[in-house]
Structure formats: C-alpha cells, structure tokens
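Chains here go by letter, A, B, C and D, matching the order in which they are written, and residues are numbered from 1 within each.
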Amino acid sequence: MQRIGVFVCWCGSNIAGTVDVQAVSDALKNEPGVVFSTNYQYMCSQAGQNMIKDAIKEYRLTGIVVCSCSPRMHEATFRKTAQAAGLNPYMVEIANIREQCSWVHKDIPTGTEKAIILGKAAVAKVNLNAPLTPGESPVTKRALVIGGGIAGIQTALDIADAGFPVDIVETKPTIGGKMAQLDKTFPTLDCAACILTPKMVDVAQNDKIRIFSYSEVQEVKGFVGNFDVKIKKKARYVNEDICTGCGACTEKCPQKNVPNEFNLGMDNRRAIYIPFAQAVPKVATIDPNACNMLKNGKCGVCAKVCAAGAIDYKQQDQIIEEKYGAIVVATGFNPISMEKFDEFAYSQSKDVITSLEFERLTNAAGPTAGKLLRPSDLEHPHTIVFVQCVGSRCAACAEKGKEYCSKICCMYTAKHAMLVRDKYPDTEVYVFYIDVRTPGKNFDEFYRRAVEEYGVHYIKGMVGKVTPEGKKLKVQGSDLIMDEQVHIDADLVVLAAAIEPDKSARPLATMLTASMDTNDFFTEAHPKLRPVESPTAGVFLSGACQGPKDIPETVSQAGAAASKVIGLLAKDKLTGNPCIASPNELMCNGCSSCERVCPYGAITYVDKEFRMPDRTTAIRRVAQVNPAVCQGCGACTVACPSGAMDLRGFASAQIIAEVDAICK
Amino acid sequence: MSQQNNNLKEELIRISGVNPKKCMRCGKCSATCPAYEEMEYHPHEFVVMVENGNIEPLLNTESLYRCLTCFACVERCPRGVEPAKLVEAVRLVATRRQGANHMKADDVPAKLDEDLPQQAIVSAFRKYTK
Amino acid sequence: MQVNEKKPLIVAFCCNWCSYAGADLAGNNRLAYPADVKIIRVPCSCRVNPMFILRAFQRGADGVIICGCHPGDCHYTSGNYFTRRRMAMLFSMLDYLGIEKERTRVEWVSAAEGAKFAATMNDFAEKVAALGENKRLEDLRCKK
Amino acid sequence: MKVSYFPGCTLKTKAVKLDEYARRCAEVLGVTLEEIENWQCCGGVFTTSKDEVATKLSSVRVLKAAQDKEQVLVTVCSACHNVVKQTNHQVQTDKEFADKVNRYMAAEGGYDGTTKVYHYLELLRDVVGFDKIKEKVVKPLNGEKIAVYYGCLLLRPGTVMKMDDPENPKIIEDLIRALGGEPVIYNKRNECCGGYVTMENPAFAEKKSQSITENAKSFGASRMITACPLCKYNLEKHEEELPVVYFTELLAEALGVKEDADESAE
C-alpha cells in the first residue's frame, strides 16, 4: 500500500477564488492510501516546496499528488522537489485544478466538486505508480543548421565558437539569404552587405563549419542527441574543390536570358552563374534547366574557358549521411505572391513592385547599379507611392493574405521612403499606412525622421486601386484623416507584401516531427519561456521560421538557439524519458502487431528461453523495446492483442483507475 | 447608446449579416469605392457609425442611393467586413419606413431614353423602393 | 421515487502535446465549458485503449470524447491515424449496442486552439445532455 | 448537350441581339439552350439582406425549373447571372432563408440548392472548351485589339461567383485569344460603370464609364465587349470612338453566324 500525501495549491486566488481548497484537501484525506493532506497558498514557492519535502520525510510518503496548475507548467518542478526529498520523481502526479477547473468554471460548488474528482483520479493513479528510472543515451557532438541566411550563419558561428563542429545546409548555391539581397538596414542605415559579408567569410574560413550549399535535407531519423540525417547535395556540375570562382565561365556562357533570381527576375543571368560577387562558397553553378550542354549536349563553352578544369557535366546528386546531436531550423521567409491582390496591378505593370524588388533597385549591386529607375522604361520616377500591409492583417474570411502582422514592413518602408528622399529630393514620396508600428530601439525616432526631416508624406488610409494608364500609375486611395479619396499619379508603386515561411518548412517539420502553427511558422516549446526550442527535443528554432522578425531580433534568437545547442552538446549523456513501452514477456506471443505500429522502429524481437509449468524449457519469440528509441506514444499498447504491452507512467491499470475515479 | 439606437444597430447587424466590429479602420473600402465623391457618408463611415449606434444620419443621407452595390469594397476588404451589405441594410430600413420610397413610378418616364435597358429600371426600383 | 437530476458525466481523453495543451489554453483564456467534462491526460490519442472507453460506459459515463493532434501534426508522427481508425470501428460497434453515436467523438484540437477546445466541449456536452442519461452499458458488477 | 436557359427580361427587349447571338453560337458549338418556361424577371439586383425573401423567389423558381429537368442553368446577362447565383448561394448557405423560401415554394415542391449555375462564358470555357471554339472559328479576329469589360456583376463577390480571379480575370481574354483577337489588359475592366444610378444621376454614370473607356483606349483597344446590357448602355452613351458590343456578337462574328442572327433579329 502506498503512503500518499496530497498538496492542494491556492495559486493565490487563481484556484482558491473558484475552488474551496480546504474542502478539497479534506475530501482527499479519506481516499485510499492518503496519509496526509494539506493546502497552501503557493505550492510552487520555496516555502511550498519545503512543505512537500518535510511531509515526505515526516510521513514517509511513497507518492504525492499536487492539485495545482497544469502539469505542463510545474510537473517538472514538483518532481525535482520529490527527488530532493529522496522520493522517486515519477511517484508525483498532478491534478490540474487551475487551467482545467478553476479558470473555466464560474461558481465555487461546481469548481470544488470537480477539483475533488480530479484529485481523486490523481490519487487513484498514484496508488498504482511505480518508481521509474530514465535510461541514458550518448550525444553526438555535432550540430546541423538548416538554412544559411543571417539566422543560420549566426547560429553556426556561435556553436563553432564554443568548439563544436557545425554543418550548414542551404538550398541556394550560396549562403547569405534575404539579408544579402537588402540594401541598407534600419534604423542605422548601415549597408547590409558591409555587415553580412564579413560574417559569410568567417563561416567559410571557420574549420569547425562545413557548408553544404545547393543541398537539401532529405531524411531525418533518430532523436535528441542522436539524429541520423541524409542530405542531398544537388549536382551543380562544377567541382567545388577545384573551382576558383574566377567567373570566366559566367562571362562566356552563351545562354544569357535566364531570369536572375537574386535580382528577383528584374535582370538576366547566364546558365552558369555565381549569384553575387561575395557568394560563399564562391563557386559557379550550372542551371540544368537553362544549360544547352545538359539539355541537348550542344555547347560546352564553360568547360573550354575554365582554366581550372572544374566543369563536370556528368556530376550526379550526392547523398551525404551524417549524425548530429542537435538540429537548428533557420529556413527563413519569403514575401507572399501578389497574384491575389491585382487591384494593385502587380501583374499588369512592371512599375508596381514589391519592397524586396525595391531593395534590389536601390542596391548598388542590383540591376540598375543602385540608380533608382523604374523597371518599365528605366526613367527616374518622380512620384512614388508605398502601400503598407498588402496581404498582412487579413481576416481568414477574406480568403487571401495572412492574418498576422508581418512586423518588418513599417520600418523598411520608412527606410525606403527616407532613402529615396535623401538621394532624390525632387521625388515626392507617399506612404499609405493603417498603423505605423515601431516598437523597437530607435524605431519610432527613425520613422519620425522620415516624416519630419525627409518630408515623406504619410497618409492614414489604404490604396484601393492602382490603374496603369499611359506612363502613369493612377493610384486611388483614402485619406482617413482628411476624410477624402485621394488620387495620385505615380511613377512607381511599391507594395509591402506580407511575409510567409519558406515553402520548405512544412515538409521539413514533418521530417523533424516538429509542430507548426496554422501559418506554417514553427511552434516554440513555450511562447514565453522557451522561445527558441521546438517542442521536439533536440530541435531548435532560429529566425523568421518561427515568426516574422527583423535582423536584430533574428540575430539575438540565433545566438539564443546556439547557446541551447551548446548546452545540449556539452553533455556527454542524456537522460531519456522513462515513460516508455514495456512488454510482459510471459504474455507476449510474438505476433509483431506492436512492431508494425511503432513509428520509431523501437520494437525488435528476440528468441528467449522460458521455463514452462511442467519444468521443460521452451524457446519463444518475444518483443523488446529499445529504451533509447521509444518515445512513449503508446500505439503498441493498444495494438497488442494479448495485452502484453504496457506503457510505464501511463499503464492501462492506471488509466482505468482514473476512469473509475471520475465515474464514481 | 440609447435603447432606440441600439435596437436599430441590432436590426442592421441581423439583416445584413455584417459584424462591424471586425473593421480595423484601414479605409480600403472607401479607397476603392467608385461612388466616393457622390457620397456624404462613405463606406468606412457606415461601418463605424453603425458600430457606434449613430444611425439616424445614415437613414437620412442621399448616400444610400449613390452606392452602386458593385461589391468592390466587399471584395477588397482585408477583414471581410462587407460594407456594401451594411449600406444595403440601412437603405432597406429607410425604405421600409412608411412613405420613404426614394423613387416613385411617376418619376420614371422623365428619366427614360429609348436605349435605357429594362434592367436599369427594375434594378433602380428594387434598390429605391419597397 | 426521487427524480434523478443527474448531471451528465463526460470523460475526455486528451493527448499531452496538442489537446491537453489546447485545454490549458482554453483555461488561460478563461473560456468556459461545463464542469461535467473531466480530462484524462494520455501521451497520445493512440494510447487510448477501447477498453478504457468501455470501462467508462460501464461505470456510468454519458459520453466519451478523444482529442488528439490534427492529422499530420501528431507529435509521434502517426498516432492519431491509429486513433481515427480504431475509434471508427469501436464507435460503430457501440452504436450497434445502443450507445448513440452522439455520445462518442474524436476531435482534433491543436495546442493553439483553446477556443476550439472550449467550443467542442460545449457542443459535445450539450449533445450528450440532450440524449439524457446513458444506461445501456452499465455493468452492475462494476457498480458497488 | 442540353441546358436550361434563362435569358431574362432585358434580353427580350433592348438586348435582343445578346440573346440571339448566344443561341446561334450555342447551336454551332453543339449546345442546345432550352428556355425555361414561364420565367419571371430576376429583379436586376440581388438584395443582400438576409430577411429579403419574396424578391428572390423568381430566381429560386428558375433554379427549381432547371433542377426538375436535371440540367445545368445557363444565363447570359451579367445581372441575371449575379442574382441567380447569389440566390443559389444563399439557399445553400443560409438555412433560415432556405426554410422560408421552401415555405413559399411548398406547392411547387421545394428547392434544395443543387442546381449548377453557369454563365454562358463558363459554359464556353468549362463545358465546350476554348480549344474546341478555336477549331470552329471561320473568321478569326486577326489580332484585333479588344478590350474586355467585366464590370462588377460577373466577378463579385468572388467567394460566391467563383467564375475567375475577381482582381485579375482571364476568362474573356482567353476567349478572345481563341477567336484570334488580342485582349487588351487594363485595370479598370472590373470597375463599376455606374449601373442603375444612371437613372438618377446620369452625369455620374457618364464619368465612371468614361474613365473606363479612356483606360481601355490608352492601351489601343479598337472595340470593347461586355456581357451586360446596362454596362453597354452606360459605356456607349457618350463614347464616340470605341464601339461597345456584346461578347456574343464577337463570338458570332468569328463563328460566321453573325449575319444570320442579324436577319432573324430584324
């Protein structure tokens, strides 16, 4: 028989406001096995925990029930408390009388009645608890960073700095990501390339970091500390080790009309290309969809001009298999397609562009060499209209766009407007805004400068229609302050398109069994207290894959993710979850039902010798669970036809005891 | 808000199916409205004024008969508020009040020309009268 | 005889990763649902053995609901698919035995769907209450 | 293929040609338009209010007639199409409305919202197919620059009409390409022409219509086509350079049946 202690928490008035805590602790006193029952204002406080520890010793408790907030909140806390008093931590059960009782029910009799029942269920369960000891597994001291933008770069550099090897997997031919495409950065206006490219060089030169560019993660198996990952290195038809990045091939390639994705299709590149001058690795890549040699065997110019002999038309995709202890997701974002917002005439006029395209138009390395020229006729625009919140903050019922605020648009639009007025004071700049959101250090000051010093016209309202006519874009919008409809003949319209997670994120989340929200942003383990960890152990989040972020925020999250990875890799062994499946070998008939449903391949079979009742021995095939691989879902326990498989910590008998207690 | 205004507001919300609280005050409805200049109260004001229960001015404004029901505001509203349906509801409440028909059959002949399609007449009647 | 005004008794099995967290979120947002609903935490909806459900009905439950992660979002990759198939079979058998389909349900509630959790429980409790007390599977041997 | 056909009142009077060309072309394309018997006017505009029932009954009767014949319902006039499709949608989605309607319709048997409503253009695209039309063209338009005017009724509300992308539609453009013409893409093609407000305020409708034709002309359009009699009226009333015709006329022209139709119409 267990000796159980019950501890009912008031949580200030959070619980005590709706639940008569004294009545609960009194009622539970009479439950089977309970030898001690009390209540206290804050069980999770030092004093509350000491109260538990003292009771364990004084009453020689073998199990405890804490009636408090959700176990997702403080189960770990109370397990540690029990352990400190010499009790096995898995002899602790929590009755959730806050989130699932006091906070959702209004009157005291109802709340109290339910709290008592939940307490009884927990007591019934603890009566059947057994001490559990977690297993241990080794940690592979290598990290994988998926995505080579500023988030991935910073995370990799920080992990490597602590002495652990890191691999970066990037789908594009170069690392650098979106930041490499930007011109200046807010609110300081330092140039993006000037602060990013030295970091890219650091990555290239760091002997702890390997870059798999033009590569994709294909398969992830295993678990925290022990991931087995397959990386597909796509054929770039250039030997990376030999290519010097001289660029001779990219000048001589006769295929000149391939839209240049780095400049968002606003100019062309060759079939063999280096995305931009500071690319890392600085090696050429052949685009197989554009190269005549690869398509029909007719050309071969690049091989002829390559002094190093790096061109290899026969190169094949390569699969790299590697073990990692931790994985960081840094897959970043993209602007959404403007297809469904054609009231702004994006598909009808070259002079209606997105903000990212505007970045390229003002970038010295962009298609216009940094001169602000409108794409249709390369003339200098004299009137520019910026439209904010295009596709952001849309209700789901509007069936297009995103519900969330994209967060970065207010600031980059202020930046764009300011830069235009600074370089071209003859240009009138209008910004249509719904709200200007500038919560950040020096952000509002920056926006005010755009208005007050640079004379940008901010109009509170939205644009309803953009009509290309002649050489002009007729912009029709509303000015809510003046209560009038405004009509502006613009030369260039810039849309602050909402941002969304990269398309690769969803399949990756499935591979990692990491959860995502409805917008395909990765979910953090806790929105406030564990913002850089995924709920899946060993998977960490860096940058905009978790939600819209600007550069400073991304870099700080990247560093935080790195420190979590370092904390993990610094351990030699990890203690596992002891709540895993365990077969009763005497009942197992070796049918393989459990093996077939196990998503982790944790179940294997062995032939074992058993003594039979008549004292003969028999060899029987029985299931075995690998404790390092089993994650404790319990699928096998239900699949088992003989009832041999059970789940520790959530045993059938325990759950039935709970059912019985609830249905009394 | 007075009881009478509140009742009116409830009625408008019920017959239009529009929830004015969904509006985020971006003004895109009024930005896209082709009849903006003809109107005293504009689509976004209809939404805000109904939400505030300030409905009497709307019932008496000519703006009710300037809305083209072209659904541009409905299509482009980022929050799915559907202002045109609210304008229609106000118009109905106004025309359902006795003697509030905006157009009378006797007025029609003066407005006709030989090419005017029937569609215009029946549409106008449906919109302006009860 | 006394008129029995017994409140309906509903057992909700919630997976630890999505639905239990969804229930917590409903609590965080103070979204009320009837106290008739009592939640049992399981690691995954696929841990729910049909035996548990039968037991609940034997013991006088009026409704049983199983909540798990949305298909494709299972923390254990595929557990909720097992749940869906197992429960489809079990519920049709229970229906055959006279436990109406409205008394059993599988619902997907993510950790972010506190509002959905509360709405689901309100709706389920209402439907179960409308059916009245469930006596069909009560095993007198299980009762004291 | 046989379909139920609802011409609507304007097509019987001021817009006879829209109707006549549509029938001729359908014949060439192997579709029989069976006119619904005893149809009534749709009312010209859809009343969005949830509590308006009686004004929508004529549309429900048309839908019911098509359902009884187990045919899809085809309309040509933009306004009729908008009213009938929105009414159908309300029957499908608003249970209270459907109940009320069916109480009115009790004598005729109820209507459950299952009739499929096609605009003539959708019939051309989804049933006949633009490829097949292309094969049947005898007098191609020889690259003539044609401005398509959608107006508001064909496309909006997009969630109900579901004919095409309401902001960047392609259906009539694709038809023009099939007929050998060159569509003019201009952004005012889905802006309102002024509609029925032309009765009260013709100056306003003129202004709206002119901004549309000016926008189309700035891209070099030589003709403008539309599916709506009221749009046609508004657009051409003060327009001297740009002829406005029904899309069915253009189709009849390319299919070589225009003259026949002209004769019979007179």
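Heads up, the rule we're going with is that a residue touches a chain if its C-beta (ideal position, glycine included) is under 8 Å from a C-beta of that chain, and two chains touch if they have at least 3 such contacts.
Just so you know, these numbers come straight off a predicted model, no measurement behind them.
Peer 1: Starting from the defined contact criterion, work out which chains touch chain A and chain C both, please.
Peer 2: Chains that touch both chain A and chain C, as defined above, do not exist here.
Peer 1: Between B-D and A-B, which chain pair shares more contacting C-beta pairs?
Peer 2: If we tally the C-beta pairs in contact for B-D and A-B, the bigger total goes to B-D.
Peer 1: How many angstrom lie between the centres of chain C and chain D, each centre taken as the mean Cα position?
Peer 2: Chain centres of chain C and chain D, defined by C-alpha means, are spaced 51 Å apart.
Peer 1: Mind checking the centre-to-centre distance between chain A and chain B? Centres are C-alpha means, answer in whole Å.
Peer 2: 46
Peer 1: Please tell me the distance, in whole Å, between the geometric centres of chain B and chain D computed from their C-alpha atoms.
Peer 2: 25
Peer 1: Going by the contact rule already set, what residues in chain D reach two or more other chains?
Peer 2: Expected reply: 158, 167, 191.
Peer 1: Tell me, which residues of chain A touch at least two other chains?
Peer 2: Residues 343, 399, 465 of chain A touch two or more partner chains.
Peer 1: Quick one: which residues in chain C touch 2 or more of the other chains?
Peer 2: none
Peer 1: What are all the touching pairs of chains?
Peer 2: Pairs flagged as touching, ordered by label: A-B, A-C, A-D, B-D.
Peer 1: So in the complex, the part of chain A that touches chain C is made up of which residues?
Peer 2: It is residues 70-73, 96, 98-101, 103-106, 110-111, 113-114, 117-118, 121, 510, 513, 515-518, 523, 535-536, 579, 597, 599-600, 631-635, 637-639, 647, 650, 652, 655-656, 658-660, 662-664 of chain A that touch chain C.
Peer 1: What residues on chain B touch chain D, complex-wise?
Peer 2: Chain B reaches chain D through residues 14-17, 34-35, 38, 65-66, 68-72, 74-75, 82, 84-85, 88-89, 92, 103, 108, 111, 115-124, 126-127.
Peer 1: Within the complex, which stretch of chain A touches chain B?
Peer 2: 343, 389, 393-399, 401, 434, 460-465, 476-480, 483, 485
Peer 1: Within their complex, state which residues of chain D touch chain A.
Peer 2: 158-159, 165, 167-168, 185-188, 191, 214-215, 218
Peer 1: Could you please specify the touching residues of chain A with respect to chain D in the complex?
Peer 2: Its residues touching chain D are 339-343, 345, 347-348, 399, 465-470.
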